[in-house]
Each structure stands twice: as structure tokens, then as C-alpha cells.
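Encoded as C-alpha cells, the structure appears first; notes follow it.
Lettered A, B and C in written order, each chain numbered from 1.
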Amino acid sequence: MAVPLLEVAGLRAAYGRAEVLFGATLSLRRGEVVALMGRNGAGKSTTLRAIMGLLAPTGGTVAFEGRAVTGWEPYRIARLGLGYVPEERRIFTDLTVYENLEVGRKAPTDGRRPWTAETLFSIFPNLAEMRGRRASAMSGGEQQMLTIARTLMGNPHAVLLDEPSEGLAPVIVEQMAEAVLRMKREGIAVLLCEQNLYFASAVSDRAYVIEKGAIRFEGTMAQLEADEGVREAYLTV
Amino acid sequence: MTLLVVDRLTKHFGGVAAARDVSFTLAAGEMLAIIGPNGAGKSTTFNMVGGQLKPDSGTVTLAGAPIAGLPARAIWRSGVGRTFQVAQTFVSMTVAENVQMALVSRFGRSRSLLADARALYRDEALVLLGEVGMRPGADRPVSELAYGDVKRVELAVALASSPKLLLMDEPTAGMAPRERSGLMALTARVARQQGIGVLYTEHDMDAVFGHADRVLVLVRGEVIAAGAPEEIRANALVKQVYLGEAGARAALEARRKAVA
Amino acid sequence: MDPAFLVLQSLSGLASASSLFVIASGLTIVFGVTRIVNFAHGSFYMLGAYIAVTVVPRLLDLSYSPAAFFLGVLISALVVGLIGVAVEVLLLRRIYRVPELFQLLATFGIVLVVEDLVLKVWGPVDLAGPRAPALRHGVEIMGQRFPAYELVLIGVGPLVLGLLWLLMHRTRFGVLIRAATQDRDMVGALGVNQARLFTLTLFLGASLAGLGGALQIPRVPANSHMDLAVITDAFVVTVIGGMGSVPGAFLAALLIGQLQAFGILVFPKATLVLVFALMAVVLVVKPWGLLGRPEAGSGRVLPPEGILALRRFRPPEAALAAVAVAALLALPLLGDAYKVKVATEILIFALAAFSLQFLVGVGGLVSFGHAAYFGLGAYAAGLLVTGPLKAPMALALLAAPLAAGAGAALFGFFIVRLSGIYLAMLTLAFAQIVYAVCFQWVEVTGGDNGVVGVWPAPWAANRTVYFYLVAAVALCAILGLRRMIYAPFGYTLRAARDSATRAEAIGLGVRAHRWLAFTLAGAAAGLAGGLYAFQKGSIDPTLTAIPLSIDLLVMVLVGGIQTVMGPLVGAAFFHALKDAVMPLTEFWRLLLGLAIIATVLAFPRGLAGAADAIRGRMGRAKPAAASA
């Protein structure tokens, strides 16, 4: 595979005057799961937001599906087949579960069989039971499932997944891990932001470690697991 | 001398305990860092001490006076200065004017309709700016400064009321890495010289372990460890928490199932 | 009281509630999705009425039936919907990211343009529409006759609510509208093209306004004042209901309809006051309206729109200012009475505009109702000298700022509790209260005609003498206000505007200072109003009305919202231009509207943004110039 599906080079981003990213470079190949690890405030979420066009990069480039998408509006990037699951979930709480899925619905850009609400309900059975209910009445775990399902309704080729295991009970974390692996089986590439090393190692092929807005480590998940030094320096206290 | 006593602070948001029985003390001239994963209750604890949130129960005592539940302005008056995660300055003013505003407020002159604000407390402001190394840029608009310098100005503004306690919410967030340790060293020096207690939250581990006298670790609203930096570093429980112990078994289980 | 009468009164309240809801629902949907408060919504309503009085009679000629009537109404609504699409594509699309003040002004520009176009196309005479066939009679209810058409209107509100509910819950478009109302950026990240969604939303919103207007033709003739009359009502309904909430608008319309129907029995002169008072109470108790929700941070990082750097006069500027003042003061020596009149008015408006700049440019408080305080001063002065007291001019001129300051203190108490768009709406609402009092309390204020015979004291009756009196008073007041801007108080206002969080954290009470600023600015505007009453010799409700508030804002903008003294230049320029151009053209409003729109489009980040851009282009060669 010559050209990666998603290629990020020298990405810089800032909130007003506060700079957060100082030139992040990473790539995501078709069908793989890559973890972007790092502590709170290291720049993980900002990287995803800048890739998605939700935050205008102040430098660097983003290419997706072989096209330079830097500076594009988010909806155009999404229509190329990039899905985004934000850390704060951003469920439409005034809408029902089913309506939330409806907002995300988008025809596949390749010939693939599209995701439907019913197939998603089979992955997340909890959602099926509450399809007519308002999303505001859901628990945190259910909201996390809904936000992933909503993104899949757009039939993405790749998904930016921000901290899916955060603050969830172990049984829900397990479902999240299954969902990520299911996406991988369906051929969807996933760029996963995580702090939870165990979760990341359970689902990822490769990993990057980000600290103070720059990539400090790049390798296979196995390499990261074996590297005590990197973990001490960038992940634990 | 014990400056701040926080005793069993508790705050619930819709049934979820964001902070539960959080207790700690802080001495004058001491730097105390609060760390913990997302959602640990750092900001909640911080905002209860600073007056942005009212605690459900528990007390905060500053130099012998109870301050829990008071509005932010009253807490400022009792001697608490603070800086914010995203620096809050008066962007239409110069560096010196930002500090002068704090002095105008301190001396109760904010309703003065006739005095010339530019000259008022300027000398005092320049002294404060000298302390944070910003005196040469005193007449530059604060909007033109690099972010690291904005943070220094914010520190000078917080110091203008001669606080007993300084609250700093992620003081180095958004700064270029090379500027961070400078700001923390400056803060530590000022705190020790003037006997100000500093309570700060931080994600940057260099800023925590390089400058804190003591570290407090919060997880899910509870204090799980407190002590000197080297003790915290060696604490196995803290390490587990940072790598996400909660998800460990579940995730491995999922992988086993997926492979099978 | 007779129960039949109460029932009928309640029914007529329901009928007006219904009409109000149809209009307000469109406004609230458009606001929810685009976050623009659209003054032009009133214009859409007016266009609906005019198009209907044109289309419906033609259809009735073909077939005199209720079906033809309502078909005509629907066609009118759809045509207005298309006009809404044009407005979105040509203008609104370009201003989604500009500061609120500029959005409001731009949509008000559309109001001005449409007013003149309507006059051009349909003429100045009110056009009565046809009545609906088969609905011309009265229906007997509890022994009283009630118009059948009103009964139909009562049904239209719930019908529209039901149809909107179906649209919002049973179609993808409706679901997207609801989702975008909550979080439009997330909707974009899921692949929805916002531009197209916004265009369709404007079609829906404008159609509803057009429908509301078209349904009115059997009740009120189409006229060129309908737009502003309805837009304030629609704003009130939207704000009380919660901006963006359709059910909230329905609830609020019901409340207001009944309040008006029964309020007129209790306080026959104060129905409008009741409505706006209700809005003030709701906003204070529930700042986001009955069913609204707090505005999520828009995430935009913009410098405040207003005075950024306080500069002193440099020697050449000081000389220029001195020459300008000297030239102005020497004007009467030329002996042209008309020029003296214009110069007097310029001085008065300069003071009014400067007092507005004190709020907007220094305090960051965008007031859309500053004419209220100008008018309060004018009425206080005018009524004192013409009323039973026959007070002397000096006393009247003293009372003008006191009365206006008292009014500003009363209204300001509520206003400073809000921020952003809600604050602007509340200033507008309070100004409408003042307007309503002046308009409705005929015994005291003379109603629409106002009061004449407000002449200066004999010693100041000479135009030249009065000119110098105005010059002395206005210049002193302006210098006084200017001093405050440079004093700690002015700095505190700017501090609260730049960062309320930081201001509170260093112990500055943001609300208290804003309240004082509002009161002072109101008093200064009232002084200007008092001077104006004697200049003009009469007072009337236009001195408190929206167009004057907008004129003052335009003066501030033209002069430069980021400058201290600019608004004085703006007042001189704007008033002189208006005076020179208005007699030459019947399209003054059209020209003004286009000028406002062009200004907003040319400076999309506001004038301060343009200044920044120019400064940036000049390079870093002389950074000292900006801070001098």
C-alpha cells in the first residue's frame, strides 16, 4: 500500500494565542487501528480537531484519500469518508436515539453495503431498546455507543475516535473495544486517542505517543508495551 | 505556618460525586500541585476554593477565616489571587494598564470618574512587572505579546492584590515547552520570597515534579495519594491509574473474544 | 363581568396569538439554526401582505371561493420564501461569522431597502385586501357575533404548529434543523453542508413570515409600517419563548395574546407596556426564555468590537480638532440661518452618538434602543415647559438628563443582567415601552401628534444664541464623558468588556459598573434629547423610535467604533449627508440600507478588524503607532 489513507505532516494548531500543537506528523493506513497516546493536555484531541477541520491548522498539511484537505470545511472532509467521534460526545440531546442516527446518515462513497440503524443496533443492543427515547435520558456509556453509531451511519473509511473508554464502567469499555475491532473487521481505519494503555493495546496495531504538542514515539503497539522508558516519560507520572 | 485548610469538601453534579471528602492543607510559601486523570475532580476542587463553585459540604479556611461558598469577589478580597487555564487579560490595554487595573480595584478607585487612569498606580505596577520580568514591555499592548509573556502578565495581575494564596489552573497550558519551566521557576521564587501559598493543577509532569513541594493525586473525586514528589513517583497505585487500570481486564477480555 | 364578553375577548386574544405565532415561529427557527437575529423578518411579513393583496384578488376573479383565497395566501408565502432564499444567498451567508452588532445592522439594512422598494412598487397608499369568501359573516357565540375569519385564524396557529412538528420530527430536513439548533458544528462534522441547510431554513422562516402577512389582509390593509410594528412583537414572542424554540414561541404567543386581550380592559392605555414588561420579567427570571436553553459558547475568538487603544491627541490632531470646533463656533457669523439649524442639530446628535459610544465602544453593551433615553429627555423637557407647570427652559434642561438617567437606571437594572444578543433585544424592548407610552398616553404626550410649542426661553429664542447654548452644553457634556473614558471608571468598563472573568477575579463588580455606565449614558442622551426638543419646537414619538436608535448606531459605526472621538465625526457626516441627500431623493432609506449592508460586507470582522488588517498590512515597521 503506497499512499496512506490519512497523512498528517507538521500539523500546528492554536486556540487564539495559546499554541497546542507544534508540528505533529502521523499517518493511518487503510484498515488499521492506530493509537495516539498521551496524557491530558498533550494535544491528542486538538490533533483530531485540526485534522477534521474543526480547528483551523496554523501550519502543516492534512491529506485524506490522496487529497489535500487542509483548510477544508468539516462537512467536505466528512463527505470524503472521514468520521469523527468527539471526546465530549456531542450527542443531540433534544433528538431521539433514532434521530441522532438519522443526522449522521450519508450514502457510502464506495460500493460498500451501507450501515443501517438495524445493523448498528445489533452491535449496540442497548441502543435498540431506547431508539425512540430522547438522547438526554441516556447514560454516559449509552451516549458513547450512540456517538460511534452515529458516525458509522455516515459510512466512513476512517474514524477519528477520541477517548472512547474514558469514564466508562468496565463492561462498557469491553463493548467499546469490541466495537473498535468490529470497525477494523469492516475495513474501517481508526485513529484512536487514548490514555488507557490497556485499552489501546487491546485494539491497536500501531501507536504514536504525543507530549507537549509533538510526537515523541512511533512504533508498533508491541514495541510501546515493551518500552518502559517511553511509558515512564510520557504516559505515567 | 498553615495557610489553607481544606476539610472534607464534597460536590455532586446530578448524583455523581465530582469531589468527595477532599481534604488537604497548604503552608505559606509552599507549592502544592493537584494532578489526576480527566474527570478526577481537579477543576471542581479548584473552583470550590476559588469561589466559582459552591461546595455541597465541607469547609475551606484561609488564614483562620472560613471562605467556602463565598462569591469570587469576596474570596479575592480575603486574599486569593488566581490565574486561568486560558489566560484572562484585558486585551485592549497595555501590559502596565492590566496591572494598574488590579491596583485600581485593590484601592477601591474603580468608580473614579475624573482621575487620569494612565498615571494612577503606574509606579507600583512597574515594580510588579519587574518581579515577573516584564518591565521592559510595560507599554506594549498585551494583545501583541507571545503567550508565555501573557501568562507572566497574568501572574503580575494576580500578585497585585498582595494575595496570601495563589490559585493557578494549569499555569503552563498553551505555552511553548521551552517557556514552561521559566514560568514555574518564577512562580516558585515569588511564592517563597513573599510567603504566598500556591495551589495549582497541571498536566505537564515537568511542571509538577520539577517545582511542587507536595503533590496531591485525585481520582474520581477522591484523594488517592498525597506526599512529596518522589513518593508520588514511586507510588504503584498512582502509576496504575495513569495507565488506565479500570479498562485493563475488560479490554483484554474483548481481545480474547475477538481473536477466538 | 359578562361571561360572554370574556369568552369573546379571549377568542380574539387567541386569534392574535395565532397570527403572532405563525410569524414568530419563522423567526425563532431561523435564529436557532443561523444564530442571526433577523430584523428583515418583519420585511418578509410585510411583503407577504403586499404580495397577497396583489395575487389574491386575481385568483378570486378566476374563482370566487375560499380555496382560491387560501391558494393565493399560500402562493404569497412561497414567493416570500424565495425572497428569503435570495437574502440568505446574497447577504446572510456572508455574515455568519461577524460580530452580532453588525449582523443586526445588516439585517436592518434590508428592512430599509425593502421599505423603499415597497413604496416604489405599491405606492404610499394603504392597500386593503379582499375578504375571504364564505368567511365574511359573523358567527354567533353566546349571543355575541364573532367574525368567522378570526375563528379560522385561531385554527391556523395550532395547524401550523402541528405541521411544523411533523416537519421537525418526520423529515430529515426537520431533524437536521433541530440538530443544528443544538450544535451546528457537530452537524457539519457529520457531513451536512451547512450552507444548504441555512438556505432551506431561510426559505422556511421567510415563508412563515410571508404566510403570517398574507393571512392578515382581510384584517389590516397592507402598509409600509407593518414591518417594524410586527418585528418587535415577534422579537418579544421569540425572546419570551426562548430563542430557537418553536413550542416556546407558541406558548409565548398565547400568553401575549391573552395579556393583550384582557390587559386592554384593565389598562386600556398600557397594553404595549404590559407586553414588554412581561418580557423583562421573564428575562430576569429565566434569562433564556421559557423553553430556551443557554447559548453554548460559540467558540469564536474575536477581539472585542470597540475601543481598543486609548490614544491621546497628537499635536496635529489636537490642532485639527481645535480648528474644527472653532469653525463650527464661527458658523453663525456667516449668517445663514439654515446652516445654523443644521449645525445645532449636529452638535445635539454628536452628544447622543457619543453617549452611545460610551456604552457600545467602551462598555461593549450593544444598545439597540438608545433613542429611548434621547426621547425621555425630550419629553421630560417638552412636557415641563408646555404642561401645567410652564416650567422655565433651564429647569427643563436640567430635568431632561435626570428623567432619562432615571429611566436608564430602571431599565439598566434589568439590562446589565444579560449579555450579547439577549441584551440587545432587551434594550430594544425597553425602547419600545417608552415609544408605546409616548404613543398611547395621548392625554399627556399628545400621542402620535406629540406636543408643539416647545420654545426656548426668550433670551435664547434667537437661533444664534440657542446655537451657542447648545454648543456650550453639548461640548461640556462630551468632554465630561471623554474624561470618564480616560478615568479608572472607563478603564473598568473596558476591563469588564475584555474579560468579565478576569475583572471579577480582581474584585471588580461587572454588573454594578455597567449599571452606572448605562445610567450615565442614558442621562447624557437625555440631555441631548432635551436640547433637541427646544431646537425643533416640538416632541413626538419618533424621537424614541427604532429608526433613530439605528441612526445613532450608524453614526457610531461610520465614525469608527474603535475610536473615542470618531462618533462625533460620524454624527456630523451622517446628519449633514442626510440633510443634503434626503430632499433630493425619494430613496433615502434604500441608499442608507445599502450603505449599511456595504459597510458590514466590506468590514466583515467589524471596523476594528479592518483597522487590525490595515495595521497588519502596514507591517511591523512602526508598531509604536498603534499604541501611541
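One rule holds in what follows: a contact is a pair of C-beta atoms (placed from the backbone, for glycine too) under 8 Å apart; a residue touches a chain by one contact, two chains touch by 3 or more.
Keep in mind that what you see is a predicted model, and the values were worked out from it rather than measured.
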Quick check: more C-beta contact pairs at A-C or at A-B?
A-B
Per-chain CA centroid nearest to the all-protein CA mean
C
Calculate how many whole Å lie between the centre of chain A and the centre of chain C, each centre taken as the average of the chain's C-alpha atoms.
45
Please tell me the distance, in whole Å, between the geometric centres of chain A and chain B computed from their C-alpha atoms.
31
Flagged in chain A as touching 2+ other chains are 15-16
For chain C, which residues count as touching chain B in their complex?
303-304, 306-310, 483-484, 486-492, 494-495, 497-499, 501-509, 513, 516, 623, 626-627
Please name which positions on chain B make contact with chain A in the complex.
35, 37-39, 86-87, 146-147, 150, 170, 173-177, 203-205, 208-209, 217, 232-233, 238-239, 242-255, 257-258
Given the complex with chain C, which residues does chain A contribute to the contact?
15-16, 52, 54, 73-75, 78-79, 84, 86, 90, 92-95, 99-100, 102-106, 150-151, 154
In their shared complex, chain B is touched by residues of chain A numbered 14-20, 22, 39-42, 163, 165-168, 170-171, 173-175, 177-178, 181, 194-199, 201-203, 212-213, 231, 235-237
Along chain B, where are the residues that touch chain C in the complex?
72-73, 76-77, 81-82, 84, 88-94, 97, 100-102, 104-106, 109-118, 120, 139-141, 143-144, 157-158, 160-161
